[in-house]
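The structure under discussion is supplied below as structure tokens; questions concerning it will follow.
A, B and C label the chains in the order they appear, each numbered from 1.
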């Protein structure tokens, strides 16, 4: 019996030792490890960067799902576990990581010239006066609209001042109420939805909120929903869209298609089930993936909330690169600086053409790739438009708790949408729930 | 933490030495147990001790401070905790009895040697248990979407579309259906294996005594399966109290989470979604442990073997 | 007297078959749908097509090219097989020790073990990761195996199964002079094959589908297991449904094969040779 146990322990020991010979996660090893998500966008873009930078340094790009990466990053940061040298962090999350893990991210204030990037983007990666980010893609928003489906008559029905044709419409700066009016005309005529929305997702809500120059929090960084004009207006617009039913063939029809996840939100873009989508520029890759729709899509400015201070420019998502302090900081900064700050080999042109990515480097926007017309989008210079708009996005301090606020608002939203809660009851309830999450 | 681990290492070392010295005295039984104990100590007991230490901490990422009473105060006034506690209990009370009864019925039917295509049915019913979580959540999301196959099917019998993924009430129904679909076959396997271990002669003797099927079921099958039934009851209880996968993967992102968020999901959010507070997350996990332990003790008492 | 009895029997039997067929259909349909999707293009899947398509080869090509799927398959196989073998051995030994050599002290230890099972894994993940880092096992496949080789769950299952094992057999073997381990190996183990089969199926499946822990402890692309790859594929912003569903079909096959090859032990009378 003893023999068996001894054998067993020896077996385990051998296993353990043999495992130890595996790859060592040592840091200053002349390699740069990068964590990012989405193979068709961020990963593909980093591969382009890797190709440009050459073979002097080995660059290892690890592909993960976004939610998985965030979980893993939290786990590793809080345990001194395996970390990469460079990591991609979504803008809404930046404050949370920077404030929760002091000293874990490298201060790049002196090594990267942040004045070359869009200020609103730099502000997101700034914590306690130090700049930590290498600003990456912009989430500048626009309204993508099908020019083959929406007609002059739909537009005219909305009676927008000075707008009678589709051509005038796409040049106009409209409000969300005008958007809804066009949508009603469109749905009443075709029976199809004008847009898709997941009412449990805060994406569109944040797009509207960002354009009102406000956020979920007040000047002290505390949640303030009730009495916050931006939040109230975004809630009102959600309900207007939810309630905007029209008669089609004798049945009352909604102007939106209810989505329950990413797939049910994205699929209608390819098959004509919806005529518009209002979101970040990063959707352009998905829109273009249905090549049969080439020439059918146009892009116009984001609709505006109907309150003072609101503009037709907004942002949804976007992310930036961060360097881990315990990693190979010098090598990583040199790499990021060459590609993202110095635009080596016209990097930004390549990723614009290949991935539909709008960077945050101000000077990149004046290159030929940006000013060229895109045949997919009716031969208009949409990239130039997006680049111009991205500089006009209201600068917002997202604070630390964007997703906590999102969750609280969206959980209380159904009662408001179906009319059981008044606006103030709904916002109060959500505010209490949100505050309890961050106490 | 390092000191703590070092301390445990020494303790283990000492225990091992003591065991070696006293092996003869203690008896051969321990020799069977020690290998397992070694791994469990390393990968379960030590982490549990560390999490017990965390209970006294209030954290914001890696910035922690000692604040046990603060954690308890927070627990007492935590609205969200009350909500997720309620959700978890609804799942537990509704789903576990239905699932175990169904699993037992399937096992007994499929144990009949005269039944044809037994293997086919068995495989079919077990199949959901082998699906990976990601697969199964993709499937359920697609089938239960507003215009999915489920709403199409019920429209044929005149029922208007149901918000399986979005309506707070139906979200819970969806989770319970998903749990039944995935775990009934899984529990059936335990019963099937347990049925094989029952001495065939007992059934033969009962048959000779003229017992009918119902009598055999209640007089032989159930008593003989008792240990396994206890096992599945305890495991399902623990599993449901720690329920995480289904609400996390099927509902999150599809609809509002208020009516389906469970205790484990709350722990996960406290650690990886909100500002990480591992201390408070540990407090919630011990609430789960205490409840699970109480329920398990009750189940052991009810099922206690007559000596 | 005989005839109506027979009719009742037939009605009962056909009811049983109908019931089983419906249940089986509910259980199997999603798999058929997966299979159909795995052979179709992305558009066919999202438009609700449920017939077998003709895009299988293309989907497979994309899958293997894009995500190093075969390597992930190998990683998963290594982890699941090693875990299953070690876990069955170590856990059943312990269960045997607890059940056959009962003592007060062992019962106490066993009680503590049961208690550990009740702490949710979500709360132990971070502490466990600390232990794994301390042992310098992180980012190695073995770090997925070792924490799963002795599970309280399996010990509990085996112990409950040993309860009904006739003690006389063990006693008589002892009188014959067999040593304890030999009794376990050549008498108890063969008699308990259905239990081992069930445990093997469940351990293999759990290990094969394990997601959260490998996510935390494995960091390199080359070490990712299948569930991590599927998660990446299905989270893409331009999802390729055909490829995703094919990856799921492939990932499900091994568990089904394991079940198929072990389910013969669930046939009544074949191995219930506890005599």
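As a working rule, a contact is a pair of C-beta atoms (placed from the backbone, for glycine too) under 8 Å apart; a residue touches a chain by one contact, two chains touch by 3 or more.
Because the structure is a prediction, the values reported are computed rather than measured.
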**Required minimum of steps from chain B to chain C, each step between chains that touch** = 1
**Prompt:** Among the chains, which is located farthest from chain B on the basis of C-alpha centroids?
**Reply:** A
**Message:** Ranking chain pairs by how many C-beta pairs touch, which one is first?
**Reply:** B-C
**Fill in**
When centres are defined as mean Cα positions, the distance from chain B to chain C in whole Å is 15
**Averaged-CA centre spacing for the pair chain B and chain A, given as whole angstrom** = 36
**Request:** Measure off the straight-line distance from the CA centroid of chain A to the CA centroid of chain C, and report it in whole Å.
**Result:** 38
**Request:** Any chance you could list the residues of chain C touching two or more other chains?
**Result:** 90, 125-126, 130, 135, 146, 180, 231, 234
**Complete:** Multi-partner residues in chain B (2 or more other chains touched) are 28, 31, 35, 38, 271, 278
**Request:** Specify, in ascending order, the residues of chain A that touch 2 or more different other chains.
**Result:** 1, 8, 71, 75, 78, 262-263
**Complete:** The residues of chain C that touch chain B in their complex are 16, 20, 23-24, 26-28, 30-31, 33-34, 48, 90-91, 93-94, 96-98, 100-101, 103, 106, 109, 113-128, 130-131, 134-135, 146-147, 149-150, 152-153, 155-157, 160-161, 163-165, 180, 184, 192, 194-195, 197-198, 201-202, 205, 208-209, 211, 226-227, 230-231, 234, 244-245, 248, 251-252, 255-256, 259-260, 263, 265-269, 271-272, 274
**Prompt:** Which part of chain C faces chain A closely enough to touch in the complex?
**Reply:** 43, 46-47, 66, 90, 125-126, 129-130, 133, 135-143, 145-146, 179-181, 212, 215-216, 219-221, 228, 231-232, 234-239, 241
**Request:** In the complex, go through chain B and note every residue touching chain C.
**Result:** 1-2, 5, 27-33, 35-40, 42-48, 50-51, 54, 106, 109-113, 115, 118-136, 138-139, 143, 149, 181, 185-186, 189-190, 192-200, 224, 227-228, 230-231, 234-235, 238, 241-242, 244, 263-264, 267-268, 271, 278, 281-282, 284-286, 288-289, 292-293, 296, 305
**Message:** List the residues on chain B that touch chain A in their complex, please.
**Reply:** 23, 28, 31, 34-35, 38, 60-63, 74, 78-80, 141-142, 145-146, 165-168, 253-258, 271-276, 278
**Request:** Quick one: which bits of chain A touch chain B in the complex? Just the residue numbers, please.
**Result:** 1-2, 5, 8-9, 70-71, 74-75, 77-78, 96, 99-102, 104, 198-201, 258, 260-264, 400-401, 403-404, 407, 410-414, 432-433, 436-439
